[in-house]
Amino acid sequence: MTTVSIIGGSGYGGGELLRLLLSHPNVEIKQVTSRSRMGEYVYQTHPNLRKRTQLKFSDPSQLEPVDILFLAQPHGQAQHNIERYAKLAAKIIDLAADFRLRDQSLYEKWYGEKHAAPEWLSKFVYGLPELHRAEIASTNYVSGVGCNATASNLALLPLVKADLIDLESSIIIELKVGSSEGGAEGNSASHHPERASVIRTFSSFGHRHTAEVIQEMGVKDVSLTMTAVDLVRGVLATAHAKVKPGITTKDLWKAYRAVANENPFIRIVKEQRGIYRVPEPKILAGSNYADLGFELDESNGHIVSMCAIDNLMKGASGSAVQCMNLMMGWDETLGLEFSGLHPI
Amino acid sequence: MTTVSIIGGSGYGGGELLRLLLSHPNVEIKQVTSRSRMGEYVYQTHPNLRKRTQLKFSDPSQLEPVDILFLAQPHGQAQHNIERYAKLAAKIIDLAADFRLRDQSLYEKWYGEKHAAPEWLSKFVYGLPELHRAEIASTNYVSGVGCNATASNLALLPLVKADLIDLESSIIIELKVGSSEGGAEGNSASHHPERASVIRTFSSFGHRHTAEVIQEMGVKDVSLTMTAVDLVRGVLATAHAKVKPGITTKDLWKAYRAVANENPFIRIVKEQRGIYRVPEPKILAGSNYADLGFELDESNGHIVSMCAIDNLMKGASGSAVQCMNLMMGWDETLGLEFSGLHPI
Amino acid sequence: MTTVSIIGGSGYGGGELLRLLLSHPNVEIKQVTSRSRMGEYVYQTHPNLRKRTQLKFSDPSQLEPVDILFLAQPHGQAQHNIERYAKLAAKIIDLAADFRLRDQSLYEKWYGEKHAAPEWLSKFVYGLPELHRAEIASTNYVSGVGCNATASNLALLPLVKADLIDLESSIIIELKVGSSEGGAEGNSASHHPERASVIRTFSSFGHRHTAEVIQEMGVKDVSLTMTAVDLVRGVLATAHAKVKPGITTKDLWKAYRAVANENPFIRIVKEQRGIYRVPEPKILAGSNYADLGFELDESNGHIVSMCAIDNLMKGASGSAVQCMNLMMGWDETLGLEFSGLHPI
Amino acid sequence: MTTVSIIGGSGYGGGELLRLLLSHPNVEIKQVTSRSRMGEYVYQTHPNLRKRTQLKFSDPSQLEPVDILFLAQPHGQAQHNIERYAKLAAKIIDLAADFRLRDQSLYEKWYGEKHAAPEWLSKFVYGLPELHRAEIASTNYVSGVGCNATASNLALLPLVKADLIDLESSIIIELKVGSSEGGAEGNSASHHPERASVIRTFSSFGHRHTAEVIQEMGVKDVSLTMTAVDLVRGVLATAHAKVKPGITTKDLWKAYRAVANENPFIRIVKEQRGIYRVPEPKILAGSNYADLGFELDESNGHIVSMCAIDNLMKGASGSAVQCMNLMMGWDETLGLEFSGLHPI
């Protein structure tokens, strides 16, 4: 068995990772750390794991060597400890934003601070298998992905890959997001009476995840707008762009199908009837799928490309486990078989 | 114009009171205090009041004399300041639990502490007009009502008033409640991802509001069980009791109708068809109605009596304004005309 | 008292109109029709009106003359009966889409059919007071407004009025909408297990309400994308456009303030702190406010302009009552005083 | 591979069964029937199964022989076809109510009609493994379980099994249920604007599932009250009873632990701190767990016993698959490993 530990296991990303790794056939979890909950059973924090494990949260200063280390801490911590972590494990998979950007100056621009370990930026591969499958399979260091960035990148992927849009053109991506995106620590705006039933555009532009879209898609003029809605898990990205002259719906089908065929977790949802005609995040809770859909206005080339994911799975822990599978040479879908529920 | 002030205006009860008093034709608001938000516009806390008032929260230590003082502080503060408040206003209406119980020992039993101003307990009238209309009209001091107690008391009222149940018998009241009951200050359990979609029985018995049911209904063996569900405003009390031998559905209709006829805010909901056949809190948001319904199993005398209210209105601020109207000799429904919405 | 009747009172728009007119000080309701519920109490369909009225639904073929006739039928009926209605009442206020467009060919393009009474199109004024206050005050025929069109038009109004955007430029409007937009008749997609928690982009472009934005704002290249989210009442329009070169945030403040100052139901929501920093529909349930906000990216002129409304109020029945007030020379806000609730 | 077919696969129970069987390692699905959707891909109805299966709904009149037949039709159909089904498969697992009751007269009393195949009633075993594990393992015919009955039976199980309550005493069970209980076919009351945020006590007593509690627990005076709340999947049963004199919390712990130890899908949730102190259905979506909790008022013997389940899993399809595992001599938990999600 491959041994793994999770640093920072009390948050939502860490909890989801724990759920996935506990049922993964090839790994054994050695430690799950939490500074604030040391000594407590993990199922007291993650109640779905009751009767599944007797693991307790351990002290983050008492880490033992393992094969793979997962970092599930809040942003900004991993870059200060990466040297220490690298001595404990040959392979590291980060879930935070510390090592997502390759370019130090891009990091400084979007995060408003100097990076604490800039020399490590080039050692990490961006952890989205749909973009970097081969590189992930041959690296020891994989970064996390932003959940909003992932929905945005996958909405754009077929268009960029098939060269259907001009990378210089203006792209507007509207994201509608669930409350788990805010993490396990509440604040006054996440208090249920204030957060229930909201349609709250909390970020018009300038969200940090934008940097990941610029880096990964090569687009120059992209804006992410984020609106919180009443849902716990899930993100829908609705991307608006213009296709190049002459591109038809048929061309788009071809481009989307190519991406779906190459990637086990990409599905196309574009039905003429029934209830589920377009990608919808609610049926993806717990699954690693990214559902893509599109609509082209052939009169003016306006394309609406949609991507729905579970932000904690394909947008965080699911992609991390998928990366582990690739790094270890295992079947890419191992431990990620849950299909999602309907109804839910 | 009658002048009023609200002490403790940043909570949900205070905000609702503010909304009602701002549109009340006979009163003028002098001050609304908040220690933590002094100097801020009240609409920054209560966004529904934007463009309705330029009032700012004022310092609670700088209170000016007024005709009526509303106390909307957390429980336990009013009893320490009541002497001071009584010098500022001839009439006081409390929304908290400080003066709800007449019997000092009942207070100590349920609140687990000595009362700080026991001599004031007898000066207050319990502030539910449906139970004490005449006394309220002739007193200067009115207490608040517990929202769960109110739903429970009104569910039992027709049965007790018409002497249809034995006061010694066992009564079980199941309350399903919205998240605004917990107040404006959030905690880890009210964080949206944890609170959304819950069915959480957070109190099996022993809730403090039970004392108000014992006091007001004269029942001896009553239990309140509280379950949080996904709703912001609203409580439904479902009371289970046994009617006295021989009591029929017809007797019950008579008893419920009598209560509805005497009280402008009591309605009976008992339909054979349509969607809304039983009392439901969701359509009561913002209204002062208490909707009553019942079902009798004539084979064994088991009665299920239901009462739905908006916990912030009939269960708190609405009843407080209704009491003010009675104390001032105004029309009981003044400023409480909003009917509620459908759909919502 | 001015007499009014409502044709088609069993839907959500009709029910909301009924609620407003029942508490309006200057009018008396003569008839409310419903073919399917003739003879039933209106409160059986609209349970919030219990104990408020003993009105029953009447036969639409038995209409009596009144001062004002409100048409709240499904789209497509009013244009077939307008001659008959005009004989019954001097003033007509329609809530449906029949008379919203002035140009017969625009109607044919977006509705895919010939208009049944094209000669009436020029007699109606588009029923949004914020756009046509003076004309409404002097006409006898006022059309309804599309709820999505209203949120979109009001999001664009300050920009268009102050000439801050090029009318030829591309404008993308993303609307997030509640379930009451679909009307009172359910379908398989509105079944609660399927509709709860959705983020469902049901219309990428081509929605009929687009025609009202083109007509009223004079924009040439505008796209409306609609996404259903978990909420009953409410719409948020998030409009993306480019301001003209040199326009600053200060210019925008001036333009938005001008609109808010001229219109009693327009508010600006743009706060630096607190929970409610941007327009949010949830606190508008039952109120006639339209809350506007904006954010300008001065680096590239990208403006995000937001408008939140209650689709049944400012987006339908509230605007209709506001039009009535203007047509009758009454205070514009009469009967529309409800401020909305917080929390909700 | 064991071959199975599902009759009636377009409903929620059938869809959940399909999800479970598709990922079950020992079975192969031959046919899934649906009269109304013959020829359509099952993933068009159950969108979570997209990219998991290319199965299409087949004609129920064209059934082929298989090892196990699952009946997932609406109540009342299986009893008319049972002879035919028995010729097609040696083993039958019904999900409907047709064969739940052993006593023909009990059936007639609660279902108000004669049973069409009374001779078959004695051939079926009630399909709840926690009650009939050994019998299920040695029978060919297993009935379905009512979801509300299951939550109720499991809430009572520790009390009855350890003889802690008097079977003649009065027991009140309050159930709070999600919208998927109503099935996949919507009606006017399940239309989202009407069903969202409800607390609707739609059955005060007399619900058919009561018969299953009487039969399985041997209690004489039990009442089930059902209240719909805003949730899609999940039921919480809160049972109120009196324990026998002298019974303490310690006795209860022993009784509940015994049940949890004997049953892989029973867990006890009774924590002193944290967010999840009591059983809650929301974290059980998709899992087969039944979470039990209790609270004893030692002053009067009032016990509140709680059981939370996913109505489509432990309350329907999950128990059915568990029964299949037992009937086939497989590991009881096979194909039922999903732990549920947190947060959700």
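Assorted remarks:
Labels A, B, C and D are assigned to the chains in the order they are written; within every chain, residues are numbered from 1.
By our rule, contacts are C-beta pairs under 8 Å (C-beta built on N, C-alpha and C of every residue); 3 or more make two chains touch, one makes a residue touch a chain.
Keep in mind the model is a prediction, meaning the values are calculated, not measured.
A comparison of the C-D and A-C interfaces places the larger number of contacting C-beta pairs at A-C.
Among the other chains, C has the CA centre that is most remote from the centre of chain D.
Between chain C and chain D, the centres computed from C-alpha atoms are 46 Å apart.
The geometric centre of chain B is 35 Å away from that of chain C, both derived from CA atoms.
Centre-to-centre, using mean CA coordinates, chain A is 38 Å away from chain C. Contact with two or more other chains is made by residues 12, 180, 184, 188, 193-194, 196-197, 230, 232, 275, 280, 343-344 of chain C. Residues 172, 174, 176, 188-189, 193-194, 196-202, 204-206, 221, 223, 225, 227, 229-232, 234, 236, 238, 240, 275, 277-278, 280-282, 293, 295, 297, 300, 302, 304, 306, 308, 343-344 of chain D touch chain B in their complex. Contacts from chain B toward chain C in the complex involve residues 12, 15-16, 19, 22-23, 44-52, 180, 184, 232-233, 267, 269, 271, 274-276, 280, 283, 285-287, 289, 291, 337-344.
Contact residues on chain D toward chain C in their complex (touch as defined above): 12, 178-180, 182, 184-188, 190-197, 230, 232.
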